[in-house]
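Structures are listed in the sections that come next.
You will see two complexes here that share subunit A, one where it goes with subunit B and one where it goes with subunit C.
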Partner chain A sequence: MAEPLLQLEELTVHYPLRRGFLRRVVGAVRAVDGVSLELRRGETLGIVGETGCGKTTLGRAALRLVEPTSGRVRFDGTDLGAIGAAELRALRPRLQMIFQDPGASLNPRMTVGRAIAEPLEEHTGWPPARQAARVAELMEAVGLDRDLMGHYPAELSGGERQRVSIARALALEPALIVCDEPVAALDVSIRAQILALLEDLQARLGLSYLFISHDLGAVRHLADRVAVMYLGRIVELGPVDAAPAHPYTAALAASAPDPEDWRHPAPAEAPLSGDLPSPAAPPAGCAFASRCPEVMAACRVHAPALRAIAAGHRAACHLHDPEMRA
Partner chain B sequence: MTDAAALLPLRSQWRPVWERLRGNRAALAGAALFAGLLVFVSIGPILWMVDPWAIDPDNRNQGPSLGHPLGTDQLGRDLLARLMVGGRITLAVGVMAMLIGVGLGTLVGVMAGYFRRLDGVLMRLTDLFLALPMLPILLVLVLLFREALAARLGEATGIFLLVVGAIGLTSWMHTARIVRADVMTLKERDFITAAQAIGTPPRRIITRHVLPNVLSPVIVSATLGVAGAIMIESALSFLGMGFPPDVPTWGRMVHDAVDYLQQFPGRVLWPGAFISLTVLSVNYLGDGLRAALDPRGI
Partner chain C sequence: MPDRGRPVLEVRGLEATLTGRSGARVQAVRGVDFAVASGECLGVVGESGSGKTVTLLALLGLLPETAHWSGEVRFEGRDLLALPDPVRRRARGAGLGVVFQEPLSALNPVFSIGYQMMEPMRAHLGLTRRAAAARAAELLELVGIPEPGARLGDFPHQFSGGQLQRITIAMALACDPRVLIADEPTTALDVTVQAQILALIRRLRAELGMAVIWVTHDLGVVATLADRVLVMYAGRVIEQATTAELLGDPQHPYTRGLLAAALAPRAPRPRRLRPIPGHPPAVAPARGCSFRPRCAEALAQCAAREPPRIVIGPRRDVACFWDPATGGARDG
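And now, the complex of A and B:
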């Protein structure tokens, strides 16, 4: 098989917790804790999980916008942690990002045209006329009227703004786009349009997406494979249409409304109770044990490792470990 | 700002600002008043050709008359002519000292807010300056350097630079603090992360994304800065530590007239009123500018 486009090896990001007058480090928030995964070329890998599970940090660390505490990120064979600033800058055009809130990801004092032209200005050295032509082309590609070029983000709707940030991300023909909750801040009626646009662009330009979302419907629609995160770790990684193997995935799936069957709302009874444990002091054993409906004695002692349960399907749960079940 | 921007079919960046400013009556009144003051001090002395330094012992302490519309001072000098010439210096000091103070404050604030490593050092420096009693420091500065600068650059230029520099160097701290706080919140915004993802280097992130977004607090600081600098210059002159006695500034004129406050209150009121009007007009203008420059049109 061809080399994957993006490879995360035991990626860990800890945020130090400082206290007191001398700002001593008293602990660390384990935002991402030893995550390994790979993204193949042309694939969409969904990352799902609750708020605070580390999925946004994972996306930023994958682009080296956040320095990992340990572990490696390989993009197209290059170790992003081993190269200097100049080489990283040269790779930037191929690694782009789309953010959750298009109102916050666009500079309010920059017109739409200049926002989309910024990557061109930084990396191409093209004359202004050629940049302008490319901006117009990109706006057309994402379904924006080119007359909006001179407008400020505040004058646009949420959907239009998200199209602007997509156009900016596409400007340098990237290979990988990290989509951090790209539709979460949009009206439901706009979401489908943006998802369709992302799908269409992927088909036309051969993009790979790391698609971060808590919206299982969007992930089901767009992703080829899904990684489920809980408290900084991956608990399950498998094809999008496989039956959930981890109780947490099952609970997530059960609580998500089915887009095909919207007349029947999600069960009123919440499948999960309680909150996430603190990522600054994760429990011994399985992090999910405190909320798991199928918890066993071993779960509170030993943390389960991610193990293969079928071809291309891995889960971190003692339920799938024959030794533990016995 | 860039070549690309020139060719892209953009609306003028300044037209909407002007449109919004035009709808703001307080700002327009402030602008008109400030323009009026500028005309008064720049063109006034050309039209009213009375020598503000001419001493006339026979006409001391005169009330308003045709020859002297605002009267004369204790040496018989024409008050109107002195107000005009004095205003030039006062306004120049106010604007120049503000530029130094706000420029320095913005620089320190952006550096401290954007680069975490510099934050501690720069903010302790700011605290240090804030903790010092400013007026005594100014007096010491003026006392120490007055002779040296006057000897090297000539009395008028030397004192002007000294006063402007001293006021500028002691009035940047509040701007620095406000700008730093704004830059720190801006830094967490996604559009800065987006620029980093593009590979925009820090200095262009600062000029392109940070500075335009801290414009509002900087303009507010600037308008307050003009007012503050005029006040400090007045205070210095009033204490006799600013410009030499024969140079009329509005503050100096108040100082000279205070002894005669009982008999001739007009001689304090006129320059005092001009100081107040300047401060007021700049504040209104600045507040209107700040609102007009906000693309959200608030």
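And now, the complex of A and C:
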């Protein structure tokens, strides 16, 4: 089998937890806690999970935009943690990110044209005419009207800002794009336009995507495989059309509203109650035990490991461990 | 218990024109009519900029000073917009619970959550401090805030975004409203929390006979919550139907496009997305149907005049000349 494009091994990112007037470090937020996964060439891996479960941190660590506390990131055979700043800079054009909040990630004083040209200026050394031609081509590719070239971010709609951020990410023909909630804030029809655009670009350019979302519906449309995160860890990883194996995945799927739901009476209760436990003080045993509809005594004591339950399908749940069920 | 079926809130001929900072005038709402009955949930869908929020602000009498508006809003038989300001504010405060699109703007950072919840209850329901505190804690519990009693003294910054959004919903429910008006209250929430809020709203409707107007652009939310749906486009209602009719047999090409572009999270194999091409107009065209530039079904008469709302069933109408059953023009 060909070597994967991206390989995360036991990746861990802790943020210092500060308290009080002196902002003393009193502990750590375990934003990402021992995550291992692979992204194949031309593949889309969806990352889903609730707010605060560590999706953005994982995406940033995969591009070494945050420094991991421990663990390894290999991109196209290179250990990103073992190379110097110059080498990393040389790799940057191939590693791109579409940020969660395009409003905040775009410079408010830079026009659309300048914003898209910026990565070209920084990395290519192309003459201005060639850069301008590429900017025009990119705007065409993401469906941005040429008239918007001179507009500032505040003068664009949410969908247009998102397209600018996609055009910037595409400018240098990357191999990998981390897409962080690229459609969360958008309207149905603009969301469909952006998802169709990402699909189309992948088919034409062979890109690989790490597609982060809290919406299983959006992920199902784009991803080949899905990793489900809960409190910094992967609790399930498998093909997008496999039946959910972890009760949390099942609850996520059942919670997503579907236009077909009018055919059935609405449930009286939500699939899941309560909130995520604090990532600064994760509970003993399984982190999902406090909300799990199928919790067993063992779950509150032993944390389940991520284990294979079928070919290409792993889950971290005692329900799939015959010894624990007994 | 209020009797079901009688409209509790009725809006007729609502128009609103706003003036932007650059001086440009926007006809944001162009003749909107609808009614909602006790215990009924009306979903309002439509693309960004179609006038959903301005419709709500207009019916609440909350448009900016510079806005021009006209129309009639009957709440329990009284024309709200014709009432003198203080009377209208009292009627609104006691009868209509509102959750705005940006919940954070509804909370004041310098007052505790408990204080902000209790003030209106004391003013409108005449509750004592103690009774108001007990009720505030009860409401926080209802929307799923753990240890509600202990958290009344906390300030907004001590809650997560999802919790704050649930708190604003609790505040809207504080005075036992006859109508809950909610503008995209769950768009920024996790699907799991959204499912909790939707279950809560369904329960309150059943238990209290509360009417609900729920603005969203998510047809999935409409499917689980609404009895009837209004679809808005460029400031007009372009289709109105029961939820089953609208989602099972959409008539307007825009509604059909919205459904084709919607995600189906539990379909066995997701189908290919078919986005509606183009964008909604910033300003409605002077003549003809405002959806015509994006419409694959446009007929000759669509360029000549704006289609009126054509009644096609009991409480069902559509503002479109094209008939999906025949692929040609509608009769009549």
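Criterion: the second predicted complex is superposed on the first by the 310 of 326 C-alpha atoms of A that agree within 3 Å, B and C clash if a C-alpha of one lies under 4 Å from a C-alpha of the other, contacts with A are read in each partner's own complex, and residues count from 1 in each chain.
The working rule: contacts are C-beta pairs under 8 Å (C-beta built on N, C-alpha and C of every residue); 3 or more make two chains touch, one makes a residue touch a chain.
As the structure is a computational prediction, the values presented were derived from the model and not from experiment.
Asks: With everything superposed onto subunit A, say whether subunit B and subunit C fit together or clash.
Replies: fit
Asks: With both complexes superposed on chain A, which partner does A:Val135 reach: first (subunit B), second (subunit C), both or neither?
Replies: In the superposition, A:Val135 contacts subunit B only.
Asks: Scan A:Thr44 for contacts with subunit B and subunit C and give back first, second, both or neither.
Replies: neither
Asks: Can you pull out the angle centred on subunit A between the C-alpha centres of subunit B and subunit C, to the nearest 10°?
Replies: 80
Asks: Of the two partner chains, subunit B (first) and subunit C (second), which one does A:Thr56 touch, if any: first, second, both, or neither?
Replies: Neither partner.
Asks: Would you sort A:Ser157 into first (subunit B), second (subunit C), both or neither based on which partner it touches?
Replies: second
Asks: Once the shared chain is lined up, is A:Met97 touching subunit B (first), subunit C (second), both, or neither of them?
Replies: Once the two structures are laid over each other on A, A:Met97 reaches subunit B alone.
Asks: Minimum C-alpha distance between subunit B and subunit C after superposition, to be given in whole Å.
Replies: 8
Asks: For the complex, which residues does subunit B have touching subunit A?
Replies: Touching subunit A: residues 2-11, 189-191, 193-201, 204, 208-209, 212-213, 215, 295-297 of subunit B.
Asks: Using the touch definition from the top, list the residues of subunit A that touch subunit B in their complex.
Replies: Those residues of subunit A that touch subunit B are 60, 63, 65, 88-89, 92-93, 95-97, 99-101, 104-111, 113-114, 117-123, 127-129, 131-132, 135, 149-150, 152, 154, 165, 168.
Asks: Within their complex, state which residues of subunit C touch subunit A.
Replies: Listed in rising order, the residues of subunit C that touch subunit A are 47-49, 144, 146, 160-163, 190-196, 198-199, 202-203, 217-225, 243-244, 247-248, 257-259, 261-270, 273-276, 279.
Asks: In the complex of these two chains, what residues of subunit A are touching subunit C?
Replies: Those residues of subunit A that touch subunit C are 50-52, 157-159, 187-193, 195-196, 214-218, 220-221, 241, 251-263, 266-275.
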